[in-house]
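By letter and in written order, the chains are A, B, C and D; residue numbering begins at 1 in each of them.
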Amino acid sequence: MAIVDSWTSARAARQVLGLAHKLLSERGQANSLGLAGDLIEKMGTLPAQAWPIVFDKLAADFNPDPAQVLRAAQAYAATPDGDALLALTAVSEPPRQELFRRLNRAPGGTATLVRMRRRLLDGLKGHDDWRIVDADLLHLLSSWFNPGFLEMRQVDWNSPARLLEQIIHHEAVHAIDGWDDLRRRLLPDRRLFAFFHPQLPNEPLIFVEIALLPDMPDAIAPLIEKRSDPMPPASYKAAIFYSISNCEPGLRGVSLGNFLIKRVAEHLQRELPRLKLFCTLSPIPGFAAWLQGAPALTGPDALPGLKRPQAERAAQALERVRHHSAAALASPAALSDEALQADLRRLAAVYLIAQTPRPGGDPVARFHLDNGARLERLNIGGDRSAKGLRQSHGLMVNYLYDLDRIEGHHEAFMQGEIAFSRGVGTLL
Amino acid sequence: MAIVDSWTSARAARQVLGLAHKLLSERGQANSLGLAGDLIEKMGTLPAQAWPIVFDKLAADFNPDPAQVLRAAQAYAATPDGDALLALTAVSEPPRQELFRRLNRAPGGTATLVRMRRRLLDGLKGHDDWRIVDADLLHLLSSWFNPGFLEMRQVDWNSPARLLEQIIHHEAVHAIDGWDDLRRRLLPDRRLFAFFHPQLPNEPLIFVEIALLPDMPDAIAPLIEKRSDPMPPASYKAAIFYSISNCEPGLRGVSLGNFLIKRVAEHLQRELPRLKLFCTLSPIPGFAAWLQGAPALTGPDALPGLKRPQAERAAQALERVRHHSAAALASPAALSDEALQADLRRLAAVYLIAQTPRPGGDPVARFHLDNGARLERLNIGGDRSAKGLRQSHGLMVNYLYDLDRIEGHHEAFMQGEIAFSRGVGTLL
Amino acid sequence: MAIVDSWTSARAARQVLGLAHKLLSERGQANSLGLAGDLIEKMGTLPAQAWPIVFDKLAADFNPDPAQVLRAAQAYAATPDGDALLALTAVSEPPRQELFRRLNRAPGGTATLVRMRRRLLDGLKGHDDWRIVDADLLHLLSSWFNPGFLEMRQVDWNSPARLLEQIIHHEAVHAIDGWDDLRRRLLPDRRLFAFFHPQLPNEPLIFVEIALLPDMPDAIAPLIEKRSDPMPPASYKAAIFYSISNCEPGLRGVSLGNFLIKRVAEHLQRELPRLKLFCTLSPIPGFAAWLQGAPALTGPDALPGLKRPQAERAAQALERVRHHSAAALASPAALSDEALQADLRRLAAVYLIAQTPRPGGDPVARFHLDNGARLERLNIGGDRSAKGLRQSHGLMVNYLYDLDRIEGHHEAFMQGEIAFSRGVGTLL
Amino acid sequence: MAIVDSWTSARAARQVLGLAHKLLSERGQANSLGLAGDLIEKMGTLPAQAWPIVFDKLAADFNPDPAQVLRAAQAYAATPDGDALLALTAVSEPPRQELFRRLNRAPGGTATLVRMRRRLLDGLKGHDDWRIVDADLLHLLSSWFNPGFLEMRQVDWNSPARLLEQIIHHEAVHAIDGWDDLRRRLLPDRRLFAFFHPQLPNEPLIFVEIALLPDMPDAIAPLIEKRSDPMPPASYKAAIFYSISNCEPGLRGVSLGNFLIKRVAEHLQRELPRLKLFCTLSPIPGFAAWLQGAPALTGPDALPGLKRPQAERAAQALERVRHHSAAALASPAALSDEALQADLRRLAAVYLIAQTPRPGGDPVARFHLDNGARLERLNIGGDRSAKGLRQSHGLMVNYLYDLDRIEGHHEAFMQGEIAFSRGVGTLL
């Protein structure tokens, strides 16, 4: 049985690769649509075991010819003119890219490539050589899913049930507990916006959820309470981005989130001119793990972003915190220990400010700070859920999006500098 | 005055280039949208004289570094693995492409790039170095305007007046003489389909006009007669593509026409299953000029596609035809000289079959034959307009699209073989 | 407290009636829109206790003047010409109708009148004098909600969640158990169509649910089983109308259901030409109650529709059935007693055929038979739910819609004749 | 030939009337849709000569029964209760109305009735007995085309060409000279709004044209000059209704214009809050004819609306004006005679103020004044076109719509009082 399967898979893989070579060799474009259509159909029914064979071959057989590239590079180095450059680019781009572009021309091509990348990413660990296939896919998908081609749409209770069902399924941060919960998140003081691509018109790519509130919130529970009453419009002063979820793993690495947040902020500012504040209420998913790793806060390996007295105060706090077991730190009871909470908050500030620009830094912090947001406030007990206690010891962060200062913060972050409020500064 | 202008232009060009460098150097993506927006705005108001400065710099300053490329090519030649390839592609792609991709992300970016290419193409003659800029633009635009991203829409009398106005303006083959003429071309036995891009939703990119007839037509006049009565649907047996016009010069070289023709043919076949025949009624715009050049039909320089007796018969016909002046050949009176017309038709067949695969071949023939159509019939007096007589001596051609044989014909054409009907064969 | 309330109500009612008189007395139309708007607003916030006052006055004060009517009727009787008729209609139409027409002109007017009638119907029992108000409302609403003005739309999983929520709420025959149940009823082998009015664009007025099956079904459970797999399209041979629900009590008496069924049948016939059979699977809601009433099947009070031997056989069946208590007849155990079931089915046939044209006849039977359907089959144990056993002793009926014979059946029904199949005939 | 025609017509008319009787006698509604559909089809192909036969019969055979009506009226006079009233309305409404309502239920019914009324109105002169048919049609059409059911849409250059073509065709006040002229009237400083009915979705019923200007205009020519440049939005202070045209003669007498003007004014006020003034620029189509009739301005037959000195001044002006022939008064040269123009303007003011509430008054004045507008200004030489000189001696009027005072003016007009500005007052 297994033998037959593997034989069938190999045969299916060979057919796909045969069509791929034929499509790529096609000199004109007239016929390519038919070939691409055939290839898309074959890929749609390819058995799971056949994919690794296809990926191996895509990685091995669709690369530039090293000798040709070398000759073209030498010619270009000798005479760096237009002709030499045209000759160089003609031979140095991996033929895989042209293959993918031709696939993308036919109906269903874009969806097929996105799904293929999903599979590729699933198996990337352990297949280092597939990385060049992934690089080409990411390069092209970034070009095709650029924000200029995306459509932002508000999702509300008038949206098709089929779309809402996908939202329930893909919410990754604060799970949606059925239709009644979703409905609450679409009442006037909650908003949901998603990006769509014309080629995948019914599939949200990424979406963000917003709460409209009188001021910056310090805890997540009231925002996602499904039995709460909606606030009157006159009270909206702050727009809180409390959840952002990718729906399409095949687009990992394609920048969508920061464009979505900014376009939504501009949209809300136009619709509700009285909004004064745009911020997040975010977890610190890397905090507890970092703490368990007993980071060096003083001494030669210490975090470089801290001044000496700050580092010493943090080291003392760390020592006190380490008297508690991991389990104790993650238990609800810990929230009542005020001194402990103050220490944790100090350490979280250290973690976010000094570690974020470095490997092992918090991914959520990196996302927002790179977007140009400012670290505004750390909230003790902001997320008392089991997951919140385990990952962040209950702490939540407000990142502030000051639309006028986003650029400056972003550029500073590029230099390794973190923007934070005076309030956060005093925590150090 | 001129001095001031040139100084202003130089300054504006410098600003554009400054923003371009800044946009390209931007490490993250968070800020790029704002910068790209600024650049798009600046480009929108750039004085005409400033563009050549910008193009010169785009051609000179945004190229790969020859030394870096050479090193990467050598490394890749030494060890052709994934890492070496990633390093190579990172340095060999012209940075211009990344610049254009970043521009394309912002609202209005696509339109700005298309308009920029229009200007570039206008000045390309005389600026050979700009060709590498054009190559990069064409490369990206082909990727972004691939048929998978385009939407085909039928244009009819219910379409917005603003769109119809553009159709009147852009019809390049058989000019539309005002709204009444257009209206006739949108009655049920005439159809018009266009391609649109989501980023340019109100601008047709290319459109094709179709007549639905009982059989293959031999003259254009009845098809574009604005006072004609529409035929009843039951009589539609043949779909005639009688005009195809590009609307956007900035997309020259991006394949649109062949995809449009095929998608329309499939659409019509579904809507009207009784259609039996898809063909064109096309001019031979290069024929008269080729004839004036007194082509060698026999001897060492003769066209290689002809057998000896064919070439001799053609040479005799050419000799007879050359007794008439160019003006005489292009006069309506010539249409009554049957012997002359027979000679012209024989020569046109020779021209289309033997010359099309070669430089100087007819562009319309090349377009359809490369698409996989077959040269079906030559019609004497098919176009008796002044332009028709001057360019094609009144001859018109039917190219037949046999949907089942398109692939075979196209592949044969790739090998230099022309598909023609038995009827055309006998003309040789 | 109560005194204040009743005083407030009386005052609010007086305001409404004052505006009504003013609106009606308005000679031109220029101002009526503003007045109607004011009246609509007032009616929107009228306290519940004020409505009876308003209805009393609407019934008493907006009637034709008897003396005027009499004079006009005498004049028309003397000289029955156009002038006399115009004079007659001018005074004999209740001014209420003009009042309602003027209300209907303003934004929200239609919805206000529909809601007002809902309230009126709620209180009609015990207020005989309100019937003339109801008659005028029904007369006008029938004119405004005529099927020519209604839009039929298919409701599916792409419909807005807000609409689907209303469907769940209003399904009156076979309750929808949440979103998953609804979703099953919208898969391709189930259909749902609703009528909408342009003035109430987001409110379904009535909807019908259809199952597409290989043949005529004899039990409801498989049709509404939410975990069932959808059937493949090739198997659809019969369209079963298994549920029809009104959403708007304020439109009671306005014919909607029969128009909807016929429009849906035509729509499905066009979409799925292979459909051979349109029928219902319906309850007999009046059967058990009729049986309890011990109807006279022979003797002087017997049902007139039966021949002597039929009546005698039925009387014997009735006698046997009456040995069982009502509770026993409605218990699931009764379904296993084949002889009893045969008796019940015979009696149901008698009930439907002989009683339907008379008072106390089954309302569902009357609806479908008046529509021109034929009584096709009685199914033992078709509905084994508690409600089904209690009301119909588990029996269900198929009414057949033979589109070619609907007119004939309807006209016969007008004469008191019931159309039934040979199979049903043998049951007598 | 004529004999055959008249025989055919009579036969077709008989068929229509037969179907009408059958449709009306139909007791249930189940079948009425099919019958109504047949009748609509027959009416669609009825020969022109058959219509008078149909109208004669509609007027004669579908009336209430005088004896029945008399009995019901006597019973209602004796006991004026609900039952008696229900019985009365059941017999006194002309059965024609129910016939038309049933026709209206079927697809195409509304359009058929509107077209039928168009024919009826064409022949009404000379057929006094048809007036009762017209009364019933107008009664029902007023109910079905009430403004609550109408949709107001802006028409602009993005509207379908098919719709714009109808606008060109129906503009009745200032003819549109082709597509370029229309295009100018749709640029941002010109607006066009129309009413549509859901049952006739592609046919405008009535439309109004607006110019957005810095102030109240005194001449029409600049407003309809097709080569004029559009004004910048910042300059819009006044919205001028310069043309209003009915498209559907079959709706004559159904109030549409005043509702449209008011809805447009509210719409513009919301869109452009800086608009300070809503007015018309209107002709006085009845003025020249009234003048030719040598109206009595003093003496026993004098217009009652004038004070003695006003009447005397007007009589003197009239005497001076009557020294000029009608042709001289309508010639462009007359515009240079300032004294004459002052006299004409005085007389126009008299005509509008004193004659409008009476028979022979100006229809345009009656329309706007009844709507609640105020007579604001008379402009000498406002319309120098041939038609303008002939009908109004070049005078044009501004009627002012002061949204806050519309109701008061309208109510005063109902009492016979004309609202006019102080400026107009001084003309008397």
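Definition applied: a contact is a pair of C-beta atoms (placed from the backbone, for glycine too) under 8 Å apart; a residue touches a chain by one contact, two chains touch by 3 or more.
According to UniProt, the chain labels map to these proteins: A, B, C, D = Decarboxylase.
These figures come from a predicted structure and were not determined experimentally.
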{"item": "Longest centre-to-centre distance from chain C (Decarboxylase), chain (CA-based)", "value": "B"}
{"item": "Angle (degrees, nearest 5) of the CA superposition of chain B (Decarboxylase) onto chain C (Decarboxylase)", "value": "180"}
{"item": "Chain centre separation (chain A (Decarboxylase), chain D (Decarboxylase); CA means) in Å", "value": "63"}
{"item": "Distance from the mean Cα position of chain D (Decarboxylase) to that of chain C (Decarboxylase), given in whole angstrom", "value": "41"}
{"item": "Residues of chain D (Decarboxylase) touching at least two other chains", "value": "none"}
{"item": "Chain-level touch network, classified as line, ring, star, complete or other", "value": "ring"}
{"item": "Pairs of chains satisfying the touch condition", "value": "A-B, A-C, B-D, C-D"}
{"item": "Interface residues, chain C (Decarboxylase) side, partner chain A (Decarboxylase) - complex", "value": "157-162, 164, 178-179, 183"}
{"item": "Residue ranges of chain D (Decarboxylase) touching chain C (Decarboxylase) (in the complex, touch as defined)", "value": "27-31, 33-34, 59, 63-64, 66-67, 69-70, 72-74, 76-77, 80-82, 85-86, 88-89, 92-94, 101, 104-107, 109-110, 128-129, 131-132, 135, 140, 142-144, 146-149, 151, 198-199, 255, 258-259, 262, 370-372, 406-407, 410-411, 413-414"}
